[in-house]
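The structure appears below as structure tokens.
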Amino acid sequence: MQRIGVFVCHCGTNIAGTVDVKAVAEALKFEPGVVVSTDYQYMCSQAGQEMIKEAIIENKLTGIVVCSCSPRMHEATFRKTAAAAGLNPYMVEIANIREQCSWVHKDIPTGTEKAIILGKAAIAKVNLNAPLTPGESPVTKRALVIGGGIAGIQTALDIADAGFPVDIVETKPTIGGKMAQLDKTFPTLDCAACILTPKMVDVATNDKIRIFSYSEVSEVNGFVGNFDVTIKRRARYVKEDICTGCGLCTEKCPQKKVPNEFNLNMDNRRAIYIPFAQAVPKVATIDPESCTMLKTGKCGVCSKVCTVGAIDYNAKDEFITEKYGAIVVATGFNPISMDKFDEYAYSQSKDVITSLELERLMNAAGPTGGTLLRPSDGEHPHTIVFVQCVGSRCDSCAEKGKEYCSKICCMYTAKHAMLIRDKYPDTDVYVFYIDVRTPGKNFDEFYRRAVEEYGVHYIKGMVGKVSPEGGKLKVRASDLIDGKQLNIDADLVVLAAAIEPDKSARPLATMLTASMDTNDFFTEAHPKLRPVESPTAGVYLSGTCQGPKDIPETVSQAGAAASMVIALLCKDKLTGNPCVAHSDEMMCNGCSTCEKVCPYGAITYIDKEFRMPDRTTKVRRVAQVNEAVCQGCGACTVACMSGAMDLKGFTNKQIFAEVDAICK
Amino acid sequence: MQEITRDVLVNKASELMSAGTVDRVLGWMRGEFDYDITPAVFSTEEELKNNFVWNDFCGANFSKYLIRETQKSENKVLVFLKPCDTYSFNQLLTEHRFDREKVYAVGIPCNGMVDMTEIKKANEAIKAIEESGDSIVVKTLYDGDVTLDRADVLLERCKNCKSKKHVAYDELIGDDGEIIESARFDEVAKLEKMTADERYAFWQNELSRCIRCNACRDICPACTCEKCVFDNPNSGVENKAPADSFEEKMFHIIRAFHVAGRCTDCGECSRVCPQGIPLHLLNRKFISDINEFYGEYQAGSEVGNRAPIVNYTTEDLEPGEAVGRGGIDA
Amino acid sequence: MQMNEYKPLIVAFCCNWCSYAGADLAGNNRLSYPADVKIIRVPCSCRVNPMFILRAFQKGADGVIICGCHPGDCHYTSGNYYTRRRMALLFSMLEFLGIERERTRVEWVSAAEGAKFAETMNDFAETVAALGENKRLEDLRCKK
Amino acid sequence: MRKISLDKLDLLFSEIAKSAKLYLPVDTDNGAKYDVWEDGKKLSDALNTVRSAKDFFFPQTENLMDFKMSGKNIEIIDTRSECEDFVVFGVRACDVKSFEILDRVFLADPVDTFYKNRREHGVIISMACNKPAETCFCKTFGIDASEPCGDIATWKTDDALFLDAKTEKGEKLLSALEKITEAAKDADAEPQKALIKERLARLPLAELETSAFGNGKTNELFNAPEWKDLSESCLGCGTCTFVCPTCQCYDIKDFNTGNGVKRFRCWDSCMYSEFTRMAHGNNRLSQLERFRQRFMHKLVYYPTNNDGLFSCVGCGRCINKCPINMNIVKVMKKLGGKKNG
Amino acid sequence: MQNKKELQKEQILRMSGVNPRKCMRCGKCSGTCPSYDEMEYHPHQFVYMVETGDLEPLMNSDSLYKCLSCFACVDRCPRNVEPAKLIEALRLTVIREKGKNHLKSDDIPALLDDEMPQQAIVSAMRKYSK
């Protein structure tokens, strides 16, 4: 039997104005288990708390009920009070007689009657409370960052800066991501490489950071603080630790006709290649799809020219398993395929390009060496048409495109238009837009400069059709403001393709049990207040995997994710919320129903041997809750028909007791 | 009358036993009369030859017995499954209730099973029952022979058979049938069209007869809890006998809710109820609601299916929209 | 107010993150609703077991309402979606058994919707009061 | 002996109902059941009721007392109301015999006052079985369905009902019915009795016998290997127990109504896994043990403690109602050796 | 009571199944329309004016018959607004008013010549044979 103390708070007149607190304390004296019941002006005050502490010690209380304001207000306070007096903090229940009683009811008899009932319910519950201890689990002080773009790089650097080891897993042979492919960045127009490559070097030289390039995550087990991750290191046929990145092999390789994905296939690379000059790690990679040696066994040129003997044609995929305390997802984005947008003639003309392709065409390290030339004939384009919102903001029923705004297109198009006008003032630049969206520091100013200083023609309206004709691109568009249909003979058409999450995100989300929205963007734990955490504890989100973002935003989120990770890794042990689900193995029949409704993947099954009453043993499948992962929602408790799954702190019996007390 | 004979099954079982595929057989054992058939485990060909039966009274669904039976030995057990039994079989596999590797399942065709309660309603003191084609001849002690149309005395679940197709088996005897467009929801729809008062009166009358013998639960292949919440003194809802009409409702509502999405509509609950309560209607109500709200779903049609009640979409209908639909009045 | 002064007893299960906070906000804003509404705090609306609802009716409640976060806003991401399915099926079943459909309700109330909480409770209490005492899911032993 | 013509049955019932509540078997969609007689209710022709007549004296649930708490005080309230007189008409010989079996349990010291109270207020009018069913085996337990006991025994022929008082209570009631009944000779009912006797002899289970069971057979039967096969298919439900006229186990439970606690008893079944759960757990852990308990109790333990009286009356209800068709007949045949082979 | 204009608008929306509110005014329909220059009101204006209920000018305009029903606007609209269906509905509304048919289907053969693409003939029949 519990020994319960009841403490009724006046809250000045907040409660006492509508509730006869003395009568409440008096009425609750005779409830089962109650040994002391008293009232006080302000329970939450220092003196009030002292009173509770003394009562706990003096009466050897095993549980207390505080009839006061909402538990959302002072539950934590009174739990600390109880703990200070040596009582388990989870032996405290609050009867909310302020927000849900005195403040909403007018007359004293009504308020008093209800307060008594609420008090009885709390007493009924506390009678069934059990001391709870938050579970503890150790924290592996290492973080994994999945994706080596600017988001991943920034997150990794920030975490490493705090002294924790970080591994980056990147599917490409080099880190750098999309930003490495960009030419300049808005709104300051500094060169992407100039600001990115130093960070890449920082990553490479930071002894806290390991880079697993040309690798992917193949399995994730465990939970916050204790993830076991298997990383598949794809065979690159070049020994990473030996290769010096001299590049000789990439010059001598006879297979010259491999489309260069870094330049978006606008030029070619060799079968052995280093994606770009500042690649990190600067190590060659053999593309097994194109390598003659690997395909036919004849060639071996690279091996012959390699002075350090780094080539290894027999390399195999390797799997390594590592423990991590936290995982940051930074899988980034890709422009969507333009295949479904026939009206823009993307597949018909080389001169219809996406904005990312334009970045490469304008980049000094790009296929044209930085001179803007038409991909079809290498001529200088004089009329350039930019089309906005290609595949963004589409109707959900439309088969092509995405419903959301891709967010970055307005700004990079302004940047492109401005750069072109700056470098080639003889060029006419038209931008067809639906809306120009420039919320961001110095963004609108930047856009206005494109219009006002650089004379870019911004036309409200959309391009309806692009038809290649006689070496030109006939662009038919409407000018909504002028009420005209325009026909422009363009030399180059640039499509602001919508962006979408990388294809690797979906299977990764499944492995991480992190949730995704219908567009395959990772869902954040709370859209406003927890924007960098996934709902799965220990998994954080960085960059465009969570939604379209520009670089400054990505970097901010990367830093925020890093700080969340650091805050986690700083702890030696994680203490969880003790109000978690618990499976009674004797009752559990292992049916897997609870597992299906758990949003956190906190439930696993084991085959457990039970000693039967007749001294035989029986192996049964039973559910186990990982208390470090469970967040205590209780979905499983209702899914469980045998009642084996219960929620500590909100057990079936406790809630029944509350119902009973209220319905008395 | 069933289309295959007992001898076909006995031979199949003997063959599988002597081949060492299985070392025992879950089958129907003859009783004192023609109709009181008991599920049994046969472990010798002799027993099979003497006591195995297969006739119009072999309603028992063996799926649930497999939970206990597969734990007894490492060897395989042979089980004969009628089409509707295979759904329970799959559902139990979905819930990891027995090891598939320890079972050799032989699917057998079924022409529907006869409801002895129905026969006994009109005929007392039954000496013998003979099956011939579409008729049943009931030989009574005092009133001579009565010939009944077999179709009239089938079990409710067989009158409204939902599938002659086996969804699980290692081996099939005879040809597999088809899934049938049955009228099994008609009775539910009829009740839905009544007024709330009529429905209340209907269920009050039906459920008030409940004696809480738990036969419905204990025969149910979906009720496989280690310990039912209604038996568990620590569950907070344990009770033994209905001391108030509320408890009858509580038990049956919660039981139906617990099997919602898992009930294959095998009809055993109604078959065994000693008080003749049409318990299957509660389960069918859930099934028809699930079909209507969340798309057609047949529990047990495939192993590993995720029941709609442990699933969701962001566009589901609101509970307020689930009530007061169509024929259901205020 | 009813002429006969009959006051229905209403049990409200409120999820900790949205609706319980919404109820607190109603209090902060002094928005009154009948004292016959008694709130039970649960972590999430998906914690509400149909057995709790029936138990409340057994012990004399006249109406039971479950409040949770709006769909899509669940603190636990999916809890209220399960609530929605479970309660849709349960309520439909109760109706099938002839129990007045107005006695049970699910309402989504966010932490910002103090006014909605009070309105909902006023409306629900009025609806239940109009139905009168719960006779169809009562346990005679529990009558006073 | 008295007699009344069958077309005057309603008159008989209304006459009885004047002084006491009259229950009789009536037909429903789900077989016959005992119901309170009122004008228009017809006596069922069914051989027997689905549920047994024990409910009249030992109902499925019965309130024992109430507790009320106020402050720290507990008040105990006797909730027993004086039971009114009642008459049960049409009880078959087997069910009548079951009362004797229950009496030995409930009326032995310490007397169960709840049972005794109901017993004292009840009058049993039995009726001979004109058409015993294939599932009947009352003869096995020495019951003669043509000569039922009770306070008044009755025989129904094609045109008349013969009534014969067997006890003081019965005589009192029968004499009160003298106005509407006419005198008859004992011999008048003889042809009917003979017909019934002849029918009983021809029943399929007529040869079932009990010599393998009874007083002192515990050691012989307890470890019989047959229990395993017999109990294999048992679901552990309580159907047999709850339709059985002689099963008398109950559980006592408290129910908190919110205004106090009701202590009540309700039927329990030894087939249930929670039966007689004690601090150390359950004493019969497997279904085999539970199954064996039920039949050993009926066929061995009870007779051992009650002068050889078996606690089965052969009514056949379990044969009809067991979901998997396992029953005491099969048990007796399997364990009874050659005789019952 | 709704006035005639509102009724007419509702009827047009129902006939066409178009929800003009989905339009985000990008003008792609007009940018793509091959009859743009012939038209007084352009596809995006149709959508906008129907939404605002400004039906009269549209129904009195020849633009109705300048639409080729080529469905380019329908195909390219990113919001699935389907302007051509809206125009078709407006046209039908006019045609249904007695004697308002722009051309009789019998008149069509006389207007045909060898140059005319088959698609135009089909769409003319579609428009005028009602």
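We just call them A, B, C, D and E in the order they show up, numbering each chain from 1.
Note that a contact is a pair of C-beta atoms (placed from the backbone, for glycine too) under 8 Å apart; a residue touches a chain by one contact, two chains touch by 3 or more.
In this text, all values refer to a predicted model and were calculated from it rather than measured experimentally.
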Co-neighbours of subunit D and subunit B - touch as defined: A, C
Common touching chains of subunit D and subunit C: A, B
B-C or A-D, whichever has more C-beta pairs in contact: B-C
Centroid-based (C-alpha) most distant chain relative to subunit C: E
Most distant chain from subunit D by Cα centroid: E
Distance from the mean Cα position of subunit B to that of subunit A, given in whole angstrom: 48
Separation of subunit D from subunit E, taking each centre as the mean of its C-alpha atoms, in whole Å: 86
Distance between chain centroids, defined by C-alpha means - subunit C, subunit E (Å): 52
Multi-chain contact residues (two or more partners), subunit C: 50-51, 55, 59-60, 78, 82, 86, 139, 141-142
Residues of subunit A touching at least two other chains: 597, 639, 652, 656, 660, 663-664
Residues of subunit B whose C-beta touches two or more other chains: 227, 229, 236-237, 243, 309-311
Pairs of chains found to touch, sorted by chain label: A-B, A-C, A-D, A-E, B-C, B-D, C-D
Complex interface listing, subunit E residues touching subunit A: 22, 24-33, 36-37, 42, 44, 72-73, 75-81
Residues of subunit A that touch subunit C when the two form their complex: 70-73, 96, 98-101, 103-106, 110-111, 113-114, 117-118, 121, 515, 523, 526, 535, 579, 597, 599, 631-635, 637-639, 647, 650, 652, 655-656, 658-660, 662-664
Touching residues on subunit A, where the partner in the complex is subunit B: 586-593, 596-597, 605, 618, 620-621, 639, 641-644, 652-653, 656
Subunit D-facing residues of subunit C, complex: 59-60, 139, 141-142, 144
Subunit B to subunit D touching residues, read off their complex: 31-33, 35-41, 60, 65, 120-121, 124-127, 141-142, 209, 211-215, 217-219, 227, 231, 233, 239-243, 268, 271-272, 274-276
